[in-house]
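Here come two complexes built around chain A, the first alongside chain B, the second alongside chain C.
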Partner chain A sequence: MNRVVLPLSLQEALSTLTADPDATVLAGGTDLMVEINRGMRRPTSVLALAKVPELRRWEITPNRIHIGAGVTYTEIMTTEIAQAAPALAQAARTVGSPPIRNAGTLGGNLGTASPAGDTLPVLATLNATILLQSANGQRQLQLDEFMVGVKRTCLEPGELIIATELDRTNGGQEYLKIGPRNAMVISMAGVALVADLDTRSVRCAMGSVDAGIPRALKAEAWAAERIDWDNGAAIDPAVAQEFGQRVSTECSPIDDHRSTAAYRRHAIGVLAARALNRVCSPKRNGHV
Partner chain B sequence: MSNTYSLRVNGTDCEVTDSDITESLLFVLRERLGLTGTKNACTEGECSSCAVLVDGMLTCSCLVLAAAVEGQEITTVEGLSNGPEDLSVVQQAFVDNGAVQCGFCTPGLIVAVHDLLEADPAPTDTDVREALSGNLCRCTGYGRILAAVHAAAEQMRSTP
Partner chain C sequence: MSRQATITHTNTANRGIGADVTRPDGIPKVQGSFAFSSDLWADDFLWGHTLRSPHASARIVSIDIGPALATTGVHAVLTAEDVPGQLNFGLEHGDQPVLAANQVRYVGEPVALVAADHPDIARRAAEAIVVYYEVTEPLTDSEAAPQAAPIHPDGNVIRQLNIRHGNINATGEVTVEGTYEVGMQDQAFMGPESGMALPDEDGGVELFVSTQWLHVDRSQIAACLGIAEAQVRITLAGVGGAFGAREDLSLQLHLCLLALYTQKPIKMVYSRDESFLGHVHRHPAKMWYRHHATRQGRLVKVEARIVLDGGAYASSSGAVIANAACFAVGPYKVGSAHIEGLAVRTNNPPCGAMRGFGAVQTCFAHESQMDKLAVALEMDPIELRLLNALAPGDRLITGQQITGTFPVAEVIRQCAEAPTPELAPTQDHRNLPGGSGRTTEATDTARGEGFAVGFKNLMFSEGFDDFSSAACRLADGVATITCACAEVGQGFVTLAQQIARTELGIDEVILAPAQTATIGSAGSTSASRQTWMSGGAVQAACNKVRSLILADISAKWGVHLDGLVLRDGLICTLDGQQQASLAELTANRAYEADVVYRHAPTEALDENGQGNAHVSFACAAHKVIADVDPDLGLVRIRHITTAQDVGRILNPTQAVGQIEGGTAQGVGLALMEEIVLDNGLVRNASFTDYVIPTTLDMPDVTIAAFIEEPEPGAPYGAKGIGEPPTISSSAAVAAAVRAATGLDLPRIPIRPADIALS
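Coming up: the complex of A and B.
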């Protein structure tokens, strides 16, 4: 078709995609344009979503947060989303640089589905639902249903990621990552941790150490038994350290151009321990 | 394949004809519109030497599909001053503080510093480092760049 289509509504975007299911979908461009600039992709038609208002909205309700797929990292960091989902804001803050965060979107992070996607471990710990829509209707999937492998999703032709819905939690949240410098890095290992006061449960997910975004289910249960839920006392540092070691056994890192399996596993242990220390700091969030 | 659209760059409507739909804004600015102030280096968002403002938002132009920003206000480094005889406060501060070495990263830095000082007239050292964390200077002249930003901020604060 050789054209760039800039729909002004979700309905228009979906009907364009139905008519031309091979169109390349463009959100913030921070991944797609790199591939185009390198000549790895040569789209013949592009569906650019920047002007679809439905995708740019967010809504915060008492229990859940609805974030449109076109909401940028900068918006996540600088709006009320940051207070409602502190770990998501922290993950957004670690992405690229200010111009990258102005462009990159939550929907784009999901669509790329890289194990190094910084928001993905946070989504896994906040019980995210991914909303997909096509002209035929809507599907709602959990992250591990949506992301089926390294850079592979279950999106079908004609289907768009339209939003993500997350839990609001009562209690500490953290996202930490390791890279070669403090800015502009793709994560070598990342950990998201949530201590949920209402359910007295811990949720911990990892990035860059598996084909997907694994949860450390055994270590989570182990830590939940050791947190002082009633008084919010600081966690025993030895407990935090053992938690880190336990978390690091629940992933399957590999050696690649960015790091080694051994370093990644070590880093996960350090980050998970640090995250538990922070999440259970009495100074933080008043309580746990 | 050919495609025709119009871009609004530094307040002027510019017709882009016969372009391939996959061309980046960086490519179109430099190769089709002759605005070579915006520099082409990494083409993957790592270096910010191609930074421009799109509707006032700091953006790497290499990561923008040109045909997708039709109708939006694009400001390049050329649009921030009235030419070599009338530099912006930020540009003059870079000159005065020796913050330009080879000069390749300078246009992207100038755009990023304009963006920073518009939002925050009195940034701390940490704020400046964070705001410019995506701008790479391979001459590694960061000390003088930092000094230039503070000098520009001070001057902008003292001249309302």
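Coming up: the complex of A and C.
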């Protein structure tokens, strides 16, 4: 390896990257170091973002939340971000172990762009905008524009993820995740769900069951019509059940060493039904 | 039952036998300052790297090392042609090539070695070696192996062992039948394989390595290097853990080959991913069972067929299938048995020793069968077990009579009767199935309780000449103990000192490094044997030193031997009237002794699998409370109770550690730990995908009782305690999940889909 640069400002980071567009960007290193140790990546130079103050900031406004790319999972879980975006905090809590959450960042989860990235379904349901910047200027993308495939993004040479902006919503939010053990696991299936009381809509996105982060658009619309928005978002448990089944048809899981497509699809259905039940209030039988 | 101390010597400093002496390596390991074998360093050393086969079965057509050799910084590239001595090695049979010559038989089989200035250069150079493989269809189905075309000159059956006991045509009024399966578990020890070899001026080699049995490493290494055993000097380097995976050679020979070839120190460190390919695993098992019983629940006969997948090379498969077969029915009295045991060769990764050694697999089957039988008989499963529990004087299905202590009924009773703590309904996701994933509410769960008991042998069996060697030297009042016993976490480092303190009445004891050059073999740190064997050797050596001192003083003072005692660093008369300091007594003259300690001899099994093949037995039971989310197939074990037959506790904290750790390993096998294979390919060779229990998967363990019935013939009456916790825990977890779900679940690990989609 030739060199490691530790810039102290965003300006410096961007000019370093312009001069050396092949530099490998290092945030918390919890994905990158694993790949380097496995010999899957051999960086020639490294741009380490740890000391770039602009990336470590977050700001909460009445409608939106701005989270710098270098904000860690621990910060997401333990600061006012957790109240502003509860599902994001829930997702952060499921990531790895305390040391991983202390080091790992939201920007890194995006940079890796794995369908198993735990924050990504939440970002999809909170209408996230990903802010990219290079010496030439800024781009703002939706998650599905940013993530173009399994571990593939549309980041261009010289470009950095600098922040993510999300909606603050009025109503319940949930993130549920299944792994092969009860903590510190890669997701086998995950569901993020938001019931937005202001827009009277439901948004539901899935992890680990597709090449990207699919939204269950049809099931969302179907459920929104069946929620009693005037009565504390009440829902008939049977509707939640059917919602789960509908959601599970809007993904395309595969068989691999972690699980089977059949289990993943089944699990998505159960998780989506439970998530909807949690964000809504139970409606008594017969009451429509 | 006796809880009486059998010890007669005085333990003044209270750091002797029975005391809670803390491990010297405990805190350093937690703090990260312990020197593992991967921390070794020498001036001017080179890094070694192994090129491994990507194929489960292939003919090697050609190997071109040219591009690798041409790489700057590369000092050597070795293939099978460079092995100077025997081309094969192995624990029981020399059937495994040091480096594959014409044929590769499993994914990960070593093909070539590189030594270079930097680990990354070595790794890249290995990638530059051009190997042409003619890939062939691998044999991966263990049940098809005996009939399939041989994949090795020694054939596909590693060992067949049939046990015919009593009347094999006997039948019972009630029968239950089942087919069971166990997946391939990895030992997943701390500290992947690593070590350093340094060439000697005499043409020999010095090796520092983490291993389980220094002397058997030495004989295999010397044979393959074509040099005398004395020219191979091995010292134990810092071991993280082993659990059987370090009993076979991994990188030992490769390090020595490179060191002799380059005449430079060589260091090798496997990555975790490579470690999964570089050592043997627990045998996957396929088992068919039929139990016959009377209406009253007495076992009449057990029939079983057990097929263990040994993978490509024999390793210790022969001994593992012997255990699986000998203990196939569990710790129960059964008049008749017909067991077919088969260890076969396939193109899957080689399997060998792992904690519990064959008894784990069959315990899952026999305990599943006992629960099934209880249902068929409409009988309480604990009652059924108690009714059939083996006791001293009874015979095993090998015809061997149990002459030592064997409190099976007591272990069952203590475990079953211990109250389970109140487990309040919880809102805390960490205590619910799915844990931090927040998948499950208390209302989504069902609770089940499961119970299992298991047993196995202690020490090596079937006529093996099993011994350990130790020396004791007392000088200036300080005892130095020398023994080649490999400390792999089992606790010999504290026990050796505790024993010396107790025997010699002194406090300061130094444990010399474990080396081949200074002392004879201690045997393997496996089979729950070192506390008995090397503990016995240390005790005997200390005893000899004590006798020498007593004889001298008895003559000098004119006091009878029986009237003298060693305590508090003194030798004194029983009334304390006359005394002398041991430090002064040994200031100008050291007292020394060395011994070779053997357990009572055992016999081979005859053609019907009958014979006094084993030395001693230990049992344990587990009771598990599990909450299951049936819709998602997720499990949270809420509590585990255990009781264990320990003979005698020599260090309470270490005993608890073994029991908790062994139980956790059993929980792992029951619920998540499996090397996933796809036509011989390992799909999850990393800690990302080979998952072991976290604190959210492992509940508190209550040790309801240590059953302390001193074992005759065992030093201090102590039995080995490392393995029993791993034997019955998996079976008890599976039983609890069955109880919660009502499902059959004939296979472990139980995967979420096995529950949710059935």
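One rule holds in what follows: the second predicted complex is superposed on the first by the 277 of 288 C-alpha atoms of A that agree within 3 Å, B and C clash if a C-alpha of one lies under 4 Å from a C-alpha of the other, contacts with A are read in each partner's own complex, and residues count from 1 in each chain.
Throughout what follows, contacts are C-beta pairs under 8 Å (C-beta built on N, C-alpha and C of every residue); 3 or more make two chains touch, one makes a residue touch a chain.
Since this is a predicted model, take the numbers as computed values, not measurements.
Enquirer: If we overlay the two complexes on their shared chain A, which of chain B and chain C does A:Ala48 touch? Say first, second, both or neither.
Expert: A:Ala48 contacts chain B only, not chain C.
Enquirer: Considering only touches as defined above, state whether A:Arg274 meets chain B (first), chain C (second), both or neither.
Expert: Second partner only, chain C.
Enquirer: Does chain B (first) or chain C (second) touch A:Ala103, or do both, or does neither?
Expert: first
Enquirer: So in the superposed three-chain picture, is A:Asn231 touching just chain B, just chain C, both, or none of them (first/second/both/neither)?
Expert: It touches nothing on chain B or chain C.
Enquirer: Classify the contacts of A:Ala183 with the two partner chains as first (chain B alone), second (chain C alone), both, or neither.
Expert: A:Ala183: touches chain B and chain C.
Enquirer: Kindly classify A:Asn37 by the partners it touches after superposition: chain B alone (first), chain C alone (second), both, or neither?
Expert: Touch partners of A:Asn37: chain B and chain C.
Enquirer: Would you sort A:Tyr263 into first (chain B), second (chain C), both or neither based on which partner it touches?
Expert: After superposing on A, A:Tyr263 lies in contact with chain C but is clear of chain B.
Enquirer: Can you list the residues of chain A that touch chain B in one structure and chain C in the other?
Expert: Shared contact residues on chain A (touching chain B in one complex, chain C in the other): 34, 37-38, 42, 97, 182-184.
Enquirer: In the complex, go through chain A and note every residue touching chain B.
Expert: Interface residues on the chain A side: 2-4, 6, 26, 28-30, 33-34, 36-38, 42-46, 48, 50, 96-100, 102-103, 182-184.
Enquirer: Under the touch definition given earlier, write down the residues of chain B that touch chain A in their complex.
Expert: Per the stated touch rule, the residues are 1, 3, 5, 21-22, 24, 43-46, 48, 51, 57-60, 62-65, 67-68, 70, 112, 115, 130-131, 133-135.
Enquirer: Any idea which chain A residues touch chain C in the complex?
Expert: For this pair, the touching residues of chain A are 34, 37-39, 42, 90, 93-94, 97, 174-188, 190, 256-260, 262-263, 266-267, 270-271, 274.
Enquirer: Would you mind writing out the residues of chain C in touch with chain A in their complex?
Expert: Touch residues, chain C against chain A: 120, 123, 271, 273, 430, 433-439, 441, 444, 631-634, 636, 671-672, 676, 678, 683-684, 686, 688-689, 691, 693-697, 751-753, 756-757.
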